[in-house]
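Only one structure is covered here, and it is reproduced in the block below.
Order of writing sets the labels: A, B, C, D and E. Residues in every chain begin at 1.
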Amino acid sequence: MVPLTLEGSYALHQMLRIRWSAWKALEEKKRQALVQEAAAALAALEPSQTAAYTMLGHKCDLMLVHFRATMDELNQVELQLARLGLWDYLELATSYVSVVELGLYETTSKIYKSIEEQGLEMHSEPWTAAVEEELGRQRKAMAPRIYPTIPEFRYICFYPMDRKRGEDKNWYQVPFNDRQKLMHDHGMIGRRYAGKVKQIITGSIGFDDWEWGVDLWSDDPLWFKKLIYEMRFDEVSAVYALFGTFVVGMRLKTDELAGVLC
Amino acid sequence: MVPLTLEGSYALHQMLRIRWSAWKALEEKKRQALVQEAAAALAALEPSQTAAYTMLGHKCDLMLVHFRATMDELNQVELQLARLGLWDYLELATSYVSVVELGLYETTSKIYKSIEEQGLEMHSEPWTAAVEEELGRQRKAMAPRIYPTIPEFRYICFYPMDRKRGEDKNWYQVPFNDRQKLMHDHGMIGRRYAGKVKQIITGSIGFDDWEWGVDLWSDDPLWFKKLIYEMRFDEVSAVYALFGTFVVGMRLKTDELAGVLC
Amino acid sequence: MVPLTLEGSYALHQMLRIRWSAWKALEEKKRQALVQEAAAALAALEPSQTAAYTMLGHKCDLMLVHFRATMDELNQVELQLARLGLWDYLELATSYVSVVELGLYETTSKIYKSIEEQGLEMHSEPWTAAVEEELGRQRKAMAPRIYPTIPEFRYICFYPMDRKRGEDKNWYQVPFNDRQKLMHDHGMIGRRYAGKVKQIITGSIGFDDWEWGVDLWSDDPLWFKKLIYEMRFDEVSAVYALFGTFVVGMRLKTDELAGVLC
Amino acid sequence: MVPLTLEGSYALHQMLRIRWSAWKALEEKKRQALVQEAAAALAALEPSQTAAYTMLGHKCDLMLVHFRATMDELNQVELQLARLGLWDYLELATSYVSVVELGLYETTSKIYKSIEEQGLEMHSEPWTAAVEEELGRQRKAMAPRIYPTIPEFRYICFYPMDRKRGEDKNWYQVPFNDRQKLMHDHGMIGRRYAGKVKQIITGSIGFDDWEWGVDLWSDDPLWFKKLIYEMRFDEVSAVYALFGTFVVGMRLKTDELAGVLC
Amino acid sequence: MVPLTLEGSYALHQMLRIRWSAWKALEEKKRQALVQEAAAALAALEPSQTAAYTMLGHKCDLMLVHFRATMDELNQVELQLARLGLWDYLELATSYVSVVELGLYETTSKIYKSIEEQGLEMHSEPWTAAVEEELGRQRKAMAPRIYPTIPEFRYICFYPMDRKRGEDKNWYQVPFNDRQKLMHDHGMIGRRYAGKVKQIITGSIGFDDWEWGVDLWSDDPLWFKKLIYEMRFDEVSAVYALFGTFVVGMRLKTDELAGVLC
């Protein structure tokens, strides 16, 4: 049985490298002008949920996170940024396309059960309508979580992940009730980090190369390590999680852009 | 037993990155001229089944999809596009070569049985002729599906896939009847998305690095996620599917090209 | 037991991308001159078994196939081509180094048996001499197959492959007689494609990253797909074959080079 | 059960290639000036725990190792170095972000037991406070090890590693006591190399693509090989270790920089 | 039990691509001068065990093999070559860092047994001294093999390899006596190629990404294929060997450098 999900904002992560030698070869005046133009553009995007981060290591120097109501708006943001003068001195090292997702393992069985009690046949039109109606209710109730604002914590950690489909250990063949229990236990660990770490899960099946993207925010990057390490011993991660590349960095306010670049 | 297949149009997907800094360094007039030339060329190709898409993320900025009757024509399209002035400001990030394919699991056993009843020995000349005759009939009946026009839906999702040949779980060692049943169940899920998602399967064994390419079109990209996620719990995907890289984007009409590039 | 093999011509596949923007930036006259020089060089190489192909997709635009009696001659060809003016506008995307190989599964057991009947101890000097003598006879008889001319069919498909050495399914641990039977059944499928598809197997153990390279030629590229798909259900491929990257294209006669490039 | 860990200095490894042809194209005077500027900057960073190494092979020519109290300071170092004139002639081939970590397998069970004897419920507030208090004590006692100075040995070896999460052999599913014993035995091997090899383990879960980074220092690089080879037969490595890329090199004092570059 | 090993010369393999278009753009005179400078440098390095090879395929055009007494000397060679004018027209595609290694499976058990008979406790100081003394004796006896000169055969084949650590088939968990027997049988195959193929094994644990590097030399490259193919059916390779990338080429004497480059 497929867990129901709620989707909200579309998300784009852009990981950028600074082409330092070309950038430094520019005249100071030119650089200041380009930074001002870029800072103004970012400042204008921020209220629509765009945030910039200065990142550690060679994978990227900057990361931009954008949440938007539609894919079309994300594409518009991409094109708008590409037209910035600063963009000529950046290199889009990688990116991630996804949509904010709330997995409803806990409520899926309740919804399905209550609909079953109404005597509706699965996937029949009235059944589909009933599920859709319930999802609509949930979507309203959960609106702040599926259309989130970008948390104000200083540090960010992003990584994509899959559920394992090994020859023996295959998440997609685990019975629904067992998956529900595993996800519940997993969530209980997360809850102990409430207030210290804010997590937003985005789904990327059909949109990008992994099944999910995970963003963590915190005011102390050690919490990222502690949380993920503790979860790694939890069965759902220990057995069924495959992890992609991790990036870590810290918030870069619009007016700090010059500090990094100049 | 090998399932019979019908093949139709050859397909080429071209994933392109825009070399923004070189492009933006051109004079406005020059850019307008190059976009006009490219838009005119694409407009001329469209009726032969070429479509352009603006894509999300770093993997590509543009994707061109071409369906043609022969590989030779696809090669001609490649050479014609390479000669465009705009091409100097694009980078062919990746591509996919395949042919529209209709897998006939359901009818293969019927065909083979009916031929068997005629008492023909498998792979004998008359047997081969009988199979070929029946395939010819099917090819005619299925012509609109194997020589498709590109759907008009706004969003596209493309990914390549393989069937798993693991040490224990090996699709190519599953008995024909079991594969037929698994493919049937798989198809039943797809049918529930009729009208919302249009799917074209292309085969690429011998042509490219994966066994199949999947194109999905829809007017709401969430259907891509829902459809693929639901199918992932279906045995044929859960156990036997390996997925490549996913790209997602939206239709770019000829007259919208300037909007993206200028 | 190791199957005996016959080796003949050394083979080099060169996959080349055209640097379109640099190339198109040249004056028409210059381009014509470079194409003429390259066409003349290729025409001179052709009788020694060199052929050019125009390829589909981003992996390469051109492929050159060279068969030569020695590795030294292949190296000479490489150096000669690198000196062409056209070479500055090409990029050697990838390549493959191998030697035409005839696997003698069927005859290995006969040879070994007949030598055993002569009472020779395995790997003793007279045993080695007897095997070598028999191989010499085979080499003469098979000369046209191990020193092949490049087939004149229009389409080509090339891919490298390995035999699987998994923890459970390990080709190199299958008893000789079973391997012989599997290879025999495999060959029977190929035989049904005689006249439609011409196949040349080259061995690359010790020379390149896969164990074998496979070249297929045909006048209809669909035969590549049909043949490889049918074989994929055959046990020796289904269980024991690992495939590399596939490239597909069509013959480019010396006098057609200008048509592609200009 | 999750082993407790102590974290200290954040670590950044920067692997750099020298762009020899651009560098050599500079005038001698300019090169001397850039080396002087870079040497002065490195000399100023050294007391805060920065060290340079000249490396073997193509992976990198230089490696910089930085230990700092915070991620923010590491980011400041990155930005400061990027502004050096020499940086335009270097290429950041790869990097590694982590934090010095002391795994407390041996003491975790003691701590948990002693807290349990106080009758506190796991993960309750007083339990968490008690663990945190004990960790605070350990952190003080271990300060020299978790905030290390960079060893003065001549040679360095760095590699990242993971613990295996295979379908059968999964470190994260091994009972705590067994893991404790395996880590103990592992440590006993390391102890025999005391004085010959200095090892610093950094954790990178949530920060970079592997779970741990390992730095080894020695005055004879053969000890790296002997130590790692011996450990590879130890169960915890033999079964549960996955290794990334290895780099090896030798200390480059600030005043030796000109010797490498000029 | 860990097999004892003897180490000798440190080894560096440098795989280089020629930047043909930049090189050919130079004036003939300049090229001659740069080749002369490089040839003189290589000629001066040769007696210290440096050899050049012209290679087949796209992976590299040239390979330099250096054996030296210390890593420091290898690093000096790297820096010296980087300063050559020719180096600006070469690209270091890849490399390999290792040390000549003689695995003493056959003698390890003898040594350990004889020491055991002296009643010494394993890893005690006298035990370690006794092992070290015996290794010292072996090192002297084996000096010509661990400090080899580069063989004069025309062809070279190089590849790196690992021993498999699969979930079921794990070399590092095979009992010492079984490993000893497997290595013995393996060696017996190699012995049959004596005189035809010269092999030097270098160990790279702690130095590079694979555990061993294998160099083969011969006057007929077919022997590489025959030897490796025969060994692949041998249990130690069939089950426990993982192979990296293979390169093959032929010796390039100092005075032949101009022949390749000009």
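As a working rule, contacts are C-beta pairs under 8 Å (C-beta built on N, C-alpha and C of every residue); 3 or more make two chains touch, one makes a residue touch a chain.
Bear in mind the structure is a predicted one, so any value in this text is a computation, not a measurement.
Identification of common neighbours of chain C and chain D yields E. Think of each touching pair as a link: the shortest run of links from chain D to chain E has 1 of them. Centre-to-centre separation of chain B and chain E, using mean CA positions: 46 Å. Chain geometry summary: the mean Cα position of chain A and that of chain B are 29 Å apart. Residue positions 167-168 of chain E are each in touch with at least two other chains.
Arrangement of the chains shown, judged by which pairs touch: one closed cycle in which each chain has exactly two touching partners. From chain D, proceeding by way of chain E and on round the ring, the chains are encountered as D, E, C, B, A. Those residues of chain B that touch chain A in the shared complex are 18, 20-21, 24, 54, 56-59, 61, 155, 157, 159, 166-169, 192, 216, 221-222, 224-225, 227-230, 232-233, 235, 237-239, 245-246, 248-250, 260. Contact residues of chain B toward chain C in the complex are 1-2, 5, 7, 12, 14-15, 71-72, 74-75, 78-79, 82-83, 87-88, 92-97, 99, 123, 165, 167-168, 170, 172-173, 203-209.
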